[in-house]
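Across the two complexes that follow, chain A remains constant while its partner is chain B and subsequently chain C.
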Partner chain A sequence: MANIASQRIKREFKEVIRSEEVARCSIKVELLDDNYSQLKGEIAGPPDTPYEGGKFLLEIKVPETYPFNPPKVKFLTKVWHPNISSVTGAICLDILKDQWAAAMTLRTVLLSLQALMASPEPDDPQDAVVARQYKGFPEIFISTAEHWTNIYAGGSRKKEEYSKKIERLMGIGCNMDQALVALSGCNWDLDKAIEQIFG
Partner chain B sequence: MDSDLACSSSFTNVNSGSMSKQEESRRSCWVCFATDDDDNTDPCWVQPCNCRGTTKWVHQSCLQRWVDEKQKGNAMTKVSCPQCNTEYLIVFPHMGQIVMFLDTIDTIILKMCPFLAAGVLAGAVYWTAITYGAITIMQVVGHEEGLTVMGQAHTLVLIIGLPAIPVMLIFGKMVRWEETALLLIRKYTPKIPILKYILPSFIYQEESENQNYYGVPSLVDTICATRVFCSALLLPTIATFIGRFLYESVPSKVQRTLLGGITYILIKGILRIYHKQQKYVQKCHRKILDYTPENMRHQHPSASTTYFLSGTVTPPPSPSSTLSSNSSTSASSSSLAADSSVSSRIVASASL
Partner chain C sequence: MGYDVGRFCGSVDEELICPICVGVLEDPLQAPTCEHAFCKRCIHEWLNHQPVCPVDRQTITSVQLRPVPRILKNLLSRLTIMCENQSHGCSGIFKLDLLSSHLIECEHNPKKLIPCEQGCGFVVPKDEVKDHNCVRELRCTVQKQKQKINELQNQLSEHRFLINDLRRETSLLKEYMKVMRSTNPSVRAIVEEIERDEVVRWSNSLPRARVCRWGGMISTPDEYLQDSIKVALVESGCPSHIIDELMDNSHERNWPIGLKSLETRQSKRREYEKYICKRVPCKQAVVVLQIDNPLLDEDMMVEPGLVMIFAHGVE
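Now for the complex of A and B:
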C-alpha cells in the first residue's frame, strides 16, 4: 500500500481511539491486517430510532489511492433501511461516492453512517422495496426495522406476531433469512410471502 | 444530504471546541494528516481557502494531488474546497513570451477550427450548386448558347442565380400538387356525371365513409428526403430527353425542354394519382382473416384474388395453381363482391 494511505490510516486510527465517541461506545474501529487496508467498523444504532440498542458491523476497505478516493464501506450486519441494501449491505451515501473529501476520516464516515441511519433518504434509495415501505407504511417500516435490529444486531424490541409468522414459514422449509426478507418485503402478508418464495 | 451536513458540522464543532490554542498553532495537513512534528523534510504549506481549524493547512504537494484527482486530466477545470467551497487560486508560472504566444495561438486555433470546417463544408456545397446550375443551363439552352448567355450575364446574377437553380428545383419538388389534385378529383367526381363515368374508382371515398366508421386510411405519406433530392435534380435531364424525342418539330431548344418537362410532370402526376387512389382502395379493403386451417391453406389464392379485384392485372403464376385454387377463389370473390358493390365497379374499370 502506498505510504501516504497507510500513514494516514495509522493517524486516523489513533484519532478514533482517542475520540469521545469511542468512550461512549458509539463507534469502534478494528484493524484486520498489518498494512491498514482492511478494517472492521462498528456503530451503535442511534437512539430514538428503530435501530436503537443494536450493534452494526461494517466492512471498511481502504483503497491504494486513499485519501484521494473514498474508502469502500458496507454493512456486514443485515439492516432494514431505505439507503442500505437488505441483501448485500451496500450503502447509498454521497460522501462515499462523488462527494468524498480528503479531509473526511474514518471517524466522520462512521458518524455520517450513524446520521444516515437516523434520517433515511427514501427519494435516493439503495433498496427500493424498503423505500416504498418507508413512504407508504411508516408504522410497518418502524416495526420491521426493529425486528431486524432484534434478530441481527441485538436490539431489544420485537413483535411476537412477526416471530410467529417467521416460524410458520420456517415450518414449511424456508430458512430464517429467506423468510424474514420475504415477509418484510410483503408488509408481513403471509400469503404473499409464501407466493413469493414458492410461486 | 442533510445527515452529512449535520454530521460534518457537529464534527467541526467538536474539534474547534476541544482544540487548545497550542494545538491550533501546530499545523496539520488535511490530506495526509501529518503535522509539523512528523515532517523530517521541510515541506511547503499553504492555506488555500476560508477553512479554519483542522482543515486550514495543507501540504502543497498533497493539495496538488487532490486537484489532479478532481480535474481528471483536464488541467483547466476549476477546483473548489470540498468543505468551504472556496475556489482554489491556481496560478501557473510565467514561462516567457514564446510560451505565452504559443498558448494564445493554441487557444485561437482550437476555437477557430469548428467554424473553419463549417465554412469549408458550406463552400463546397455552394460550389457544387453553382456547377449544377451552369450544367443545367447548358443542357437546356445548348452548349454554345449556354456559354454565351452566361458570358453576357452580370457576375452577381451568376453568383446568386446559378446556385438558386438546384434550390428552386428542390423547393418546387416539395410542392405536392398531386395530393391536392387527388382530393379535388375525389370531391368532384360524384357530382359531375361525366367524371363519374370516366373515373368510377374515385367515388370510393364517400361510400367507404358510410361503410366503416373507424375512419379511412390517411392520404398523407411521408416525404422521403433522398427521393425529393434525386427527382428534383434529375428533372432537367429527363425534361431535355423527352423534349428531344417528342417535340422535334419545335424549333427552340428552350421551348422543347419546357414542353418535355411539363409532359413528364403531367404523366408522372397522373400515374401517381392513379397509384395512390388504388393503394387507398386496396387499404380500405383489407381484411384480417380468422386463424383457421382453411384460411391458412387458402391464404395465397385469396391474396391473388384481392389483387385481381383491386384492378391490378396480374396474370396467375401457373395454370396448375389456378386450377387448384379455382373453387375457393370463386367462393371468396363472390362473397367479397356481394358485400361491396365497389369492387365489382373496380373490375369494370379495369376492363375499361
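Now for the complex of A and C:
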C-alpha cells in the first residue's frame, strides 16, 4: 500500500479512537488487516430519527491513491434510507464521490454519514423505491425505517402489524429478508407484496 | 510528501503538518486566499485530481500557489529531525534546514555512490556493491558500444552511397556546363558573371586582415599545411571554381614576379602594405583577390588571386 495512504490511515485511526464521538459511542472504527487498506466502521443511528438506537456497520476500503481519491464506503447493515441502497448498501453521498477533499478523514466521513442518515436527500436517491415512499408516504417511511433498524441494527422501535405481515409471508415459503423488502417496497400492502414475490 | 512526524525530537505543532500526507511540511506552498499550507508535491498531486483547496474547497490552481510566510519557514527550519538513514546506522540529529546537505554526504546512505574497488571504473550505489559484477557491467557496456558502432557504420555507408550519387550528378552537370559554355558565347558571359558575383559575395563575407610581419610569409608550404588551409577555405564558403588556383598560388613557384625573389621581396616591402587582404578564418593566412585589388601592378598580382600563408603576424 502506498506510503502516504498508510501514514494517513494510521493517524486517522488514532484520531477516531481518541475522538469525543467514540467516548459517546457514536462512531467506531476497527482495522481488518495490517496494511491499513480495509477497515470496519460503525455509526450509531442519530437521535430523533428512525435509526435511533441502531448500530450500523460499514465496510471501508482505502484505495492505493488515498487521500487523493476518497475511501470506498458501503453499509454492511441493511438500512431503509433514500440515499442508501436497501439491497447492496451502496451510498450516494457527494463527499464520497466528486466532492471529496484530501483533508477529509475517516472521522469526518463517518460523521457525514451520520448526518446523511439524519437528513436524507430524496432528490438524489440511491434507492428509488425508498425515495418514492419518503416523498409520498412519509409516515410509512418512518415506521418502515424503524422496523428495519429494529430487525438489522438492534433498534427498539417496531410495529406489531408489520411483524405479523412478515410472518404471514414467511408462512407461505418466503425468507425474512425477501418478505421485508417486498412489503416495505409495497407500502406494507400484503396482496401487492405477494403478487410481487410470486407473480 | 512531508517528513514522518516520528522522526522529530519532541512534539510537532499541528500547524506544521500537511493536511494531505499528515507529515511535517516539506517545501511548503500555500493557497492564495485561505492560506492553507501543504507540501509542494502533495498539493500539486491533489490539484491534478481537483482544482480546489483540500481543506475548504475554494477554487485554486497550481499557478496561484504561493510560498509560505517566513515565520512558518523559520519554525520549520528550527525543528530537529533524525537522519532518514537511522535504520542503516546513522545516529545524526539535525536542524531541518541542514538535513538535505547532510544526506548528500551521509556515510550510512545506502544509495551513496562509491567507485568500484576492483578498478573497473564504475560508480555504484553502496547497497548494490555486493551484487556488482565488473565483468558483467563491462560486457554490457561493450555490447552497447558495439551496437552503437554498428549503427554508425550503417549511417556511414548510407552517407557514402549518397556522396557517390551526388558526385556523379555534379560531374555530369559540370560536363554539361562545359559544353554549354564552349558552344554558346552568351551562356559563357552569364556563367562568368555568376562566378564573379560569387567571388565578390564570398570576399565580402570575410573579415579584413592586416599583415604585420611580411617576413613571416611561407614560400613553400607543405601538403599538410595546404590541406588544412584548403579545408578552412571550403568551410568559409570559397567558390569551388577558384579554390584550386588560389591554393596553387600559395606556393612560390606560382607567385607573381614582384614576390618571387628574396631581393625583390625586400625592395618591394612597402608595396605590400597596399594589398587588400582578407582573413582565412582561424588560420595564419590571408586571401589576396584580384577583384579586391584591381589597381595593383601586374607583377604584384596573379589571376584570380593568391593565398598567402604566414608563420605568424596576421591580425
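Everything that follows uses one rule, which is that the second predicted complex is superposed on the first by the 199 of 199 C-alpha atoms of A that agree within 3 Å, B and C clash if a C-alpha of one lies under 4 Å from a C-alpha of the other, contacts with A are read in each partner's own complex, and residues count from 1 in each chain.
Following the convention adopted for this analysis, contacts are C-beta pairs under 8 Å (C-beta built on N, C-alpha and C of every residue); 3 or more make two chains touch, one makes a residue touch a chain.
Values in this document were obtained by computation on a predicted structure and should not be read as measured data.
A.B. asks: Answer with clash or fit: chain B and chain C placed together on chain A by superposition.
C.D. replies: Once both complexes are aligned on chain A, chain B and chain C clash.
A.B. asks: May I ask you to decide whether A:Phe68 touches chain B, chain C, both, or neither, giving the answer as first, second, both or neither?
C.D. replies: both
A.B. asks: Classify the contacts of A:Val130 with the two partner chains as first (chain B alone), second (chain C alone), both, or neither.
C.D. replies: neither
A.B. asks: In the overlay, answer first, second, both or neither for which of chain B and chain C A:Asp94 touches.
C.D. replies: First partner only, chain B.
A.B. asks: Tell me which touches more residues of chain A here: chain C or chain B.
C.D. replies: The partner with more contacted residues on chain A is B.
A.B. asks: Once the shared chain is lined up, is A:Ile194 touching chain B (first), chain C (second), both, or neither of them?
C.D. replies: After superposition on chain A, A:Ile194 lies in contact with neither partner.
A.B. asks: After superposition on the shared chain, which partner residues are touched by A:Ser112: those of chain B (first), chain C (second), both, or neither?
C.D. replies: first
A.B. asks: Is A:Glu121 in contact with chain B, with chain C, with both, or with neither (first, second, both, neither)?
C.D. replies: In the superposition, A:Glu121 touches chain B alone.
A.B. asks: Is A:Ala103 touching the first partner chain B, the second partner chain C, both, or neither of them?
C.D. replies: After superposition on chain A, A:Ala103 lies in contact with both partners, chain B and chain C.
A.B. asks: Chain A residues touched by both chain B and chain C?
C.D. replies: 4, 7-8, 11, 67-69, 99-103
A.B. asks: Any idea which chain C residues touch chain A in the complex?
C.D. replies: 1, 4, 19-23, 36, 42, 45-46, 48-50, 52-55, 57
A.B. asks: In the complex, go through chain A and note every residue touching chain B.
C.D. replies: 4, 7-8, 11-12, 20, 65, 67-69, 93-95, 99-105, 107-108, 111-112, 114-116, 118-119, 121, 124
A.B. asks: Report the residues of chain B in contact with chain A in the complex, numbered from low to high.
C.D. replies: My answer: residues 1-4, 6-8, 10-11, 14, 30-34, 54-55, 62, 65-66, 69, 82-83.
A.B. asks: What residues on chain A touch chain C, complex-wise?
C.D. replies: The touching residues are 3-4, 7-8, 11, 67-69, 98-103.
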